[in-house]
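As structure tokens, here come the structures.
You will see subunit A twice below: alongside subunit B first, and alongside subunit C after that.
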Partner chain A sequence: MERIFENNQLTLIMTEGLTANKIPEYNQQLESLLLEQDHYQKCILNLSQTNNIDSTGVTFVISLYKKMKSLEKEFSVAGASHEIQDLFHLMKLDQFFSLTE
Partner chain B sequence: MRYRILIADDAALNRKLIKNILFHNLENVEFEEAENGQQVLHIVDQVKIDLIILDLIMPVLDGYETLKKLKKSEKFHSIPVIVNSSITEIHSIEQTLKEGAIDYFTKPLSENDMNIILPLKAKNALLVYEQTHIIDDLNKHISSELSHANAFAKSMLPKSNRFHEVELFIKYYPSLGIGGDLFDCVEIDGRVHFMVADVTGHGIAAGMASSMVKILYRKSIERPGILPDQILEDMNRSIFQYFDFAGKDSYVVFTAFVGIIENNELLFSNAGHPYPILYHSTTDNFEEIHQEGFLVGMLDDVTYQTGSILLQKNDVIFLYTDGLFCAGADCDFTGWDRVIQASAQLKKALTENPEEFLEEIYYTFHMIHKSSQKDFNDDVAMMLIRLL
Partner chain C sequence: MVVYEKSIASSFQAVDDAVSEILAILVAKWPWLNKKIVFKVNFLLRELLNNAVEHGNRFSLDKKVMCRILHDGNYLILEVKDEGEGIILSNQTFDSDDADTLLRDRKRGFPLLIEMAYHVDVAGNQVKVILDLDQEEIEHGTNL
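After this line comes the complex of A and B, so read on.
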């Protein structure tokens, strides 16, 4: 997971799949990252390099959305493949956050 | 713990020397002695030995052959063996290490060898052996626990059955261990209630959660006239009501498809579950039962919808979990569209022999995964409901 801080914006770029075997590691990285940084208004989860997602990966995205909501930050998902967008649509997640190109 | 060390050497003086060294440097040890390999094999068969100090050059049966026999034996292969011989035999010693000896020393023994090296090697070998025992015992215990948990998970699934409106066919292929797949199907007051659910994550936690989901489901459908959307809302509400961690930790988060069949009408509601497949017998067509919905247990106060479809005699509803199309460590939840393609190709089996269809579709996905060098790594649970 790569992170970029720019213009009051935190971008998290997932460089590997969002699958059960990776989620504990992402959660750890996220926990320390959120403790270190608070100078941003918007968080973008960039999934342009992500080809695989499973149900645990979906819970990671929802947890991140909820975390940002509790911190009063904007949240959106960018660059998701059509298949992942279909999945988020199936789970109605597009009602909670926007999916951008 | 008391250790028993077997010293094998044809020279009584060597046996005495090694025994003395180990006796004065190790605690809680006792000794057995052998003059050749044949005696070694006899002793290990009679008493429990924790370490063998094995001379390579011995009469009757030498150390090389003895080591080979020990390592081939299911019963004795894990006993650590430290070989020893003269320095001129160093190449042979190297060979015995390849054969499975844990360590070696050469004779004659220097003062350092006697006071430091040999006791240290023996101590390490005993420690490794003890740890191997602990790990073996632990593995046996875990395997036994998992086997019980798996049997329990299996017993929660409905059996193939016939109700007044439908016939039910089930196939469940458990992965190693335990997973979070759950099916249920029960008839209450003339209504056939069914649900397929898949708790996120794998392993024991998911298995425990799936048994809770079954209870929540059964409790919910006791309410007369309840609709599928209300069942999902009820279960979601209960999770937030009963569990402090709800909404924070994802222990009881699941996808689910809930249905009720009554008077040839299917009422259904979906909570993010891969679309079940409906085969229409009159038009000979397949369709996915499309409906979007939130995962259960993740967000408080979400609402669901109930859809309805009129069914005909011999229509078939095929429900499955993501373990079918999602395989390998990098499995992809988005591949459910392949299920309808595969089902259409197996139409004959679906209409004529549902049991065979379930086996065939499992085999089809087995081959699909094999072609990408993957194997099923999650439970595969499938349920097929045929209208009578």
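After this line comes the complex of A and C, so read on.
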């Protein structure tokens, strides 16, 4: 997971799958991001580099959304494939955060 | 026709490796498989195998998960069997509009299986998921 801080915005680029074998590592990285919350007002999760996701990965996205909401930060998902967008739509998650290709 | 049959170690990493191998086999066998079907097989397999590893075998290194993929007419059949005592499945769906329900931390996998598959059959510690490729072809434009 790559992190880019720019213009008061944090972009998280998923360079590998959002899958159960990777989530513990991502959660560890998130802990440090929470300590850097003064450096950004908006968080964008960029999924343009992966189409691998499972329900643990979906839970990770929801967890990230909840954390950002609790910190009063904006949150959105960008670069998601049509398949991932369909999946999130099926779970009605698109009503909580914006989801763009 | 059996497309794939292997026993897998009880870890999420082994699941990831196995799913990557299976997808490579399917795409090599049917190069015209469209992206949406590959995505669906990828997602369904991960759900089945992750559940077997975590809830069935409880990550025991002494236990294996058997995975078999069959192609029968217009059906693609995914079979997963663990060494656990059988699974209890959540019947929660995505019908609710309640935010707490939709944003729950767990119990999202089985409802997704039901939504995405043509048929799901659970018998003790074995789950069989059937994809109707005719239906997938109608929805997504592909052919096997």
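Keep in mind that, in the parts below, the second predicted complex is superposed on the first by the 99 of 101 C-alpha atoms of A that agree within 3 Å, B and C clash if a C-alpha of one lies under 4 Å from a C-alpha of the other, contacts with A are read in each partner's own complex, and residues count from 1 in each chain.
Here is the rule we use: a residue touches a chain if its C-beta (ideal position, glycine included) is under 8 Å from a C-beta of that chain, and two chains touch if they have at least 3 such contacts.
Everything quoted here is computed from the prediction, not taken from an experiment.
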item: Touched partner set for A:Ser63, first subunit B, second subunit C, both or neither; value: both
item: Touching partner for A:Ala78 - first (subunit B), second (subunit C), both, neither; value: neither
item: Which of subunit B and subunit C A:Met91 touches, first, second, both or neither; value: both
item: Contact residues of subunit A, present in both the subunit B and the subunit C interface; value: 17, 19-21, 51-56, 58-59, 62-63, 66, 81, 83-84, 86-87, 90-93, 96
item: Interfacial residue positions of subunit A with respect to subunit C in the complex; value: 17, 19-22, 51-56, 58-59, 62-63, 65-66, 81-84, 86-87, 90-93, 95-96
item: Interfacial residue positions of subunit A with respect to subunit B in the complex; value: 17, 19-21, 51-59, 62-63, 66, 81, 83-84, 86-87, 89-93, 96
item: In the complex, subunit C residues that touch subunit A; value: 11-13, 15-16, 35-36, 39-40, 42-43, 46-47, 50, 54, 94, 97, 99, 102-103, 105-106, 108-109, 112, 115
item: In the complex with subunit A, residue positions of subunit B that touch it; value: 198, 200-202, 247, 250, 253, 255, 270, 272, 274-275, 292-295, 298-299, 322, 326, 329-335
